[in-house]
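In what comes next, chain A is part of two complexes: it sits with chain B in the first one and with chain C in the second one.
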Partner chain A sequence: MKEEGKRKIWREYQKEIADDKYYYARSCIRQTFFPGSEAAFINILKKELNKDIFDSAQHTTCTGIAYHADVVPFETTMTVIARQFALMTEAGYENYVPSCITSFGLYTEVLETWKEFPEVEAKVREHLFKATKREFKKPANLAHASDVIFKHRHEITAKAKYKLINVKTGKPLRGVEHIGCHYAKMFPHKGVGGAEYPYVLAGMIQEWGGEVIDYPERRHCCGFGFRQYLVKANRGYSIACSKKKFEAMEPYKPDFILTNCPGCPMFFDRWQYAISEMEGKTYGENGQGIPVLTYEELAGLVLGYDPWILGLQVHQTPVEPLLDKMGIDYNPNAKFLGPNNEYLNKPIAPNFLKFY
Partner chain B sequence: MKKTIIIIGAGIAGMEAATFLGSMEHNVILLEKDQEPGGHLKNWQKLFPTLRYGKEILSFLQEGIKIAKVDLKCNAIINNITKNNNTFIVNYSHQQQEINIEADAILVTTGYDTFDATKKEEYGYGIYDNVITSADLEKIFTTGKPIITAKGDPPKKIGFVHCVGSRDEKVGHVYCSKVCCVTGVKQAIEIKELLPQCDVFCFYMDMRMYGMHFEAMYKKAQEEYGVTFIRGRVSEACENIDGSILIKVEDTLAARPLKMSVDLLVLLIGFVPSEGSKMVGNMLGLQTGVNGFYKTADQHALTNISNVPGVFFAGACTSPKTITNTITDARAAASTIARYLENNPIFQRKLT
Partner chain C sequence: MGYYYDLLMKDVRFKEGMNACINCGTCTAICPAASFYNYDPRTIANTVQTRDDEKILELLKSETIWYCGECMSCTTRCPRSNKPGLLIIALRNLSQELGLFVESEKGRQQLAIKRTVGEWALNYGYCVVAEYVDTEMFPEQGPIWDWEKQNLPQIMEKLGANYKKPGPGALRNIPKESLEELKQIFEVTGAITRFEKIEKYSKLKAEEMKLEFGEGFNNEYFQHIYNTNQKNHYK
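Presenting the complex of A and B:
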C-alpha cells in the first residue's frame, strides 16, 4: 500500500475548521451510549486548549434519525435546524459544532439545500418566525466535533501524558479508524480527507503515535444503518454488518477501533459482546475484544484523564487491554465507583469475552 | 498555389493529415512537443481487433510524412498564436530558439489524455499496489516484462474494470470513450495467451462492440480463451492482507451481489480532453463542447471545422476515436483545409 497515494487524496479534501468560539450542539443519544465523551470534549476545549465553547441547554434534536426514518418531513427538519441556528445567533456565536454525525450530515444537507434553493431558505425563515418569532444567521463555519479535535491534535500532543505506543514492545499501537457514513459519504468535501480515505480519525491516531490499519471492509457500514436497527426484526442485518467488519479486521490484530459517530462505537462495542455470547467468538487476543473508543475518549486517555471519569466502564467490550498497552495508570478497583465513590453496581460477566 | 499549414500535434491524426496536405504540394510544418512523433500510439504494443503491432502503423505514418516532405519539428513548444487578417503567426520554441512562422491555416491535432484513475478513489489506483491501468498493462506488454503482482508472483486471477472515468457522472464524464471495451477484450486475450492458467474476469456495463470484427473478437475471448464477462460496475476495491484486491460488484444478470479477490486489477481508463488542447484552445479562442473536447462547427457535416476561420480539427481532440476513425478523420481534415485554402464555394454551405 502506498501511503503517498493517500496523502495526495488527503491534500484534495481540506476543510476550514474554526479555531475558537464554538457553539456546541450535543447529540440526543451519545450521552446515553458513551456518557463521558461530550463532557470530555468540553473539558478538553475549555481547560486544555483554552477555547470558548458554548453548551446550550435549549437546543433540541435535529430530527436526524426521525428524518431518515421518514417520520419527520424535510420542511419540519429544516425549521427545527433553523431554530438551532437561531439559538447560536442569539448566543453570539457563528461556529456551529455538532457532536453527532447524523446531525452534521443533516446540517450540511440543509445548508447545501439553501445554497442551491434560496427560496427554500426564505420559506424556512418565514416558518421559524411565524412559529417562534426567531431569526438567525447561518453558521460562518460548520465543523463536526471530531474536526475540532483533529484541528487541535498537535496541541493535544504537546500536553499528552500517554502515547499510542505499546509500552511493553515500544511499537505503535494499531488502530482501526471508522468514520460515520454521514460525515463524508454524502458530501466528501465536507470531511477531512474525503469519503474514501478519510483522514480525520487517521490523523489523530498517527499524531498520537499510533498506526492506522487499512483492511478490506474498512468502508463498510458499522451496522448502525437506520433501516437495519430501527426495525427490530432487521437487527440481524446490523450484527451481520459489524461481524463482517470484525472478521475483516481481525487478521491485522488491531489494538483499538476509533470512531466519530454516535452509532458506530455503540454497535462495534455491543455487537462484539453479542457475537461472543452467540457464537463464543472474540476478536482480540486471549478472549479479549477489540476496545472501541470515541475520539473524545481517545483524546482524553492521551491527555491522562481517568478512564472511569471518561465513562469507559460502561463499554461492553472491556477497554483494559488498551489501557494496559498504553501504560495508563488506572485503578481497577474504582471501575464501578461513581464520582463520589458510591458503588454503581457491576454488570454480569460475559460468558466468553474476558471481563475485568 | 502553395500555402503554409501548421499542424499542432504529431500523433496519428497530425501525421496522416500532414502526409495528405504535403502530398498536395503545400508547405506543412508539423509541431510536436515530445521527442518523437506518434503520440499514444508509441505506448501501444498490439492493436485491436487484428492484434497487429502498433509500431507497424507508426512506420506507415512516418513513411507518409517522409514521402510528403513534411517539416516535422519535435520538442517544439508553442508560446503564442496570433491572427492577422487571414494569416496566423505562430511563435514556438525549438532547440533553444524562438521561432515565428506565418501560416495560412492551422490544423489542431492535440489528441487526448488518458483519464487519471486516482480520481476514481474507490478503486485505489496509486494506493493499492496491485491496481494498475490498461495503459500500465500495455507498458508491460510493450517492454516485454513479465506480468506479475507487486510481490513478484504470477497472478492467478485478474479483473478488468470497464468504463473507468467514462460514462460516469461522478467524475464529470458522461460520454463513452469508445475504445476501452474492445481494449479490455484485447488485453484479456493477451493475458490468456501469456498466462493460460490465469482466470480473467471483465466487469462491464455494456460491451460496445460497434466496430467491424469487434464482436467476433469478443466472442473469441469467451469461447476460445474462456474470459468471463460479468455485467456490473465494480463499486469498490480494497486491499487484502496478502496484497490481493477485494472487489465488490453486483452481477446484474444474476441479480446478486458478488465479492471476489483478484491478484491484479486492471482499470480500463478512458479519454479526457488533453492539456495540450486546453492550452492551444486558449491561444486560439477555440470553443469546447459540454464534455470539454473541441466543439466542431456541426456534429454531422462540419466535423473538421472550428469556430475560428482557418483553424481545423482532426482526431481525438474533438471526441474519442479509434485509430481507424482517426486516420479517416485526418484525411478528411486535409481535404477540408485544401478546399478552404483555394476559397472553394463548398465553404459557403450552411446547415440550419
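Presenting the complex of A and C:
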C-alpha cells in the first residue's frame, strides 16, 4: 500500500488521549523486569513534559495474568478493576493510564461489557461496596502509557539529545515495532492506528528519526499465551512464536525491536538468549542479538538518560550495539555498578550471545 | 440437548463471543496456537454452536480447550464478529466449575497456575513476584536474572523502584489494608471458591494417579503437572 493510503487509514483510527492529569497504574511484569522503564515514564511526564501524574501506593494487580490464565473469574477481575477506578476517583483524577497492555485490554473490555450489560456493572458496584465500601466513577479517558508518550512525541523531539540515526553512516536506524496483542486486536478503535496499522510505536520511531520495518510476521503474537508461558511444559509454544518472528525479521536487519506491552520485550529478550543456547543461533551481526526496548527506554535514550539508570543492563540480549549506532555517550564500566557505585560482580556470560 | 450450551450462555463472554459461525476458518488461519498445536478454533466455534451435549462435554474434558493463548488475534478477523478466544475462556471456566479440567494433561496444569500467579495476586497484590521466579522454574531468564536476584535491592534502588518499602513506586509492599480489600473481593466474587475447587479436584486426581499431593511446589503432583509434556499435542 502507498504511504498516502496508510496515512489515511491511520487518520481514521486516531483516539482521544488526555493531555494532562493522569492516574498511573503500574504493571506486574514491567515493575519486575523493567522497573527503570516505569521510573523513566514518570520522570519524562513530570520533569520533561511538566504533567501531573498520580502514582498510588494502594493500587494492586488488576489480576489480568491470572484472569487470562483462567484461574480468576471475570467477576473478580471486574471488581478489582472497579477498585482501581475507585482509587482514581478518590484521588480526584479521571484520566486512567495503565502501564500494562493486558490491563489496558481488560479495562477496555470491562468498560465495553458494562456498556452492553448494565446489569453486570450494577452487580460489580454491589460487589465492590460489599467488599471494600468503595464507589467509583468510570474514567473519562483511558489511554495506555505508550499512547501518552505517542501524544507527546513532538515535545520529546524538541528536547532530544540523540536521534535514531546511525552516527557512522548518517542513515536512519531501522526498527521493528511490536504491538502487544491486547492493545488493539480486541477493540481496534481503542488503539492509535487500529489493529491493522497500529501507529503508536511506528509514530515514535519515525518522529525520532528512525525507519519502520514492515515484515511478514509483524502482527504475530510474541508467544506469551499466558498459560503457555507460565507452565514449563507449555513453553515450546512461547519460544516457537518468538522464533517465528525473529526468523521473519532477520532478513531486514533490524537495529532494534520496540514494544509497548511489558511482557513482549521480556520474551523477545530472553528467547533470543534461549535460542542462542539451544541452537547457537543469534539474530544480529557478529554474534550479537537484536536489542529489545520498551518505549520508555527508547524515549529515555532519545532524551539522553543514562542507559544504566534506564535499566538496560538487566536485558539478557545486550543493547550496546544500538547505543553505539546512536552515538550515545555512556560508560561501559558502570554497567554493573550499584546505586552507590559499588561493583555488583558481573553476570555469567552466555555461551553464544555476545556479552559486554 | 442444550444443557451445557445453556450453562455457557450464562457467561457474558460466551454471549459476546458466539454469533453464527460460517466455518470460513479465518480464525484458524490467524491463530498462533493453531500453527503450533493440534488446534482449530473454527472447530471449537462450530462444535459449541451445535448445542450437542455430548460434543460439548467432550470439549470440556479435552486437551483442545487449553491450547489457546488468549492473544485474541481471532477477534479482529472474524467476519461474523465471533470471538473464539472468548468462547475458550467460557469453556475453561465451565470445565473448572464442573471439575472436568483434571481429565486432561493441559487442564490439570490449572493447579500450578493457581498456586503461582493466582496465589501471588491474592497474597502479594502482584501477578509476578520476583522472589519466586528462579532459573530452575524459568531457565530462559538466564544468567542476567541470576545476577539480578543476587543483587535485587541494590539494582531496584538504582532503577528507581521502591522495592519492598511502603509508599508508591515499583515493587513496593502493597499496604495491608489494600491486600485485605483484595482478599474480600476474591471472597465475594468467587475467586476463593474457584481456588478451592481447583485444589479439591486436583487432590482427587492425584489420588487416582497415585501421585503424592501436598502444598506448594515440592510434591509429586505439582512437579508432574508443571513439567510433564506427553508431546502428543502437536501437528
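Operating definition for what follows: the second predicted complex is superposed on the first by the 354 of 356 C-alpha atoms of A that agree within 3 Å, B and C clash if a C-alpha of one lies under 4 Å from a C-alpha of the other, contacts with A are read in each partner's own complex, and residues count from 1 in each chain.
Simple rule for what comes next: contacts are C-beta pairs under 8 Å (C-beta built on N, C-alpha and C of every residue); 3 or more make two chains touch, one makes a residue touch a chain.
Note that the structure is predicted; figures quoted are calculated from it, not measured.
Student: With the two complexes superposed on chain A, say which partner A:Lys232 touches: chain B (first), chain C (second), both, or neither.
Tutor: After superposition on chain A, A:Lys232 lies in contact with chain C alone.
Student: Thinking of the overlay built on chain A, is A:Gly289 touched by chain B (first), by chain C (second), by both, or by neither?
Tutor: Touch status of A:Gly289: no partner.
Student: Where does A:Ile65 make contact in the superposed view: on chain B (first), on chain C (second), on both, or on neither?
Tutor: second
Student: Contacts for A:Pro254 in the overlay, against chain B (first) and chain C (second): which applies, first, second, both or neither?
Tutor: In the superposition, A:Pro254 touches no partner, neither chain B nor chain C.
Student: Of the two partner chains, chain B (first) and chain C (second), which one does A:Asp214 touch, if any: first, second, both, or neither?
Tutor: After superposition on chain A, A:Asp214 lies in contact with chain B alone.
Student: Please determine whether it is chain B or chain C that touches the greater number of chain A residues.
Tutor: The partner with more contacted residues on chain A is C.
Student: Once chain A of both complexes is superposed, is A:Gln31 in touch with chain B (first), chain C (second), both, or neither?
Tutor: After superposing on A, A:Gln31 lies in contact with chain C but is clear of chain B.
Student: Which positions of chain A sit in both the chain B and the chain C interface?
Tutor: Correct list for chain A: 195, 219.
Student: Using the touch rule from the top, collect the residues of chain C that touch chain A in their complex.
Tutor: Those residues of chain C that touch chain A are 11-13, 16, 32-33, 35-37, 66, 68-73, 75-76, 89, 92-93, 96, 106, 109-110, 112-114, 116-118, 121, 125-130, 133, 137-148, 150-151, 154-161, 166-172, 174-175, 177-179, 181-182, 184-191, 194-195, 198, 225-229.
Student: Which stretch or stretches of chain B touch chain A in the complex?
Tutor: 118, 121-122, 124-129, 236, 238-241, 246
Student: Going by the contact rule at the top, pick out the chain A residues touching chain B in the complex.
Tutor: Going by the criterion above, the answer is residues 1-2, 4-6, 8-9, 194-197, 214-219, 251-252.
Student: Provide the residue numbers of chain A that touch chain C in the complex, in ascending order.
Tutor: So the residues of chain A touching chain C come out as 26, 28-32, 35-36, 38-40, 43, 55-61, 63-66, 68-76, 78-80, 83, 105, 113, 116-117, 120, 127-128, 130-132, 134, 181-182, 184-186, 188, 195, 219-221, 223-228, 230-237, 239-241, 244, 270-271, 273-274, 308-311, 314-316, 336-339, 342, 344-350.
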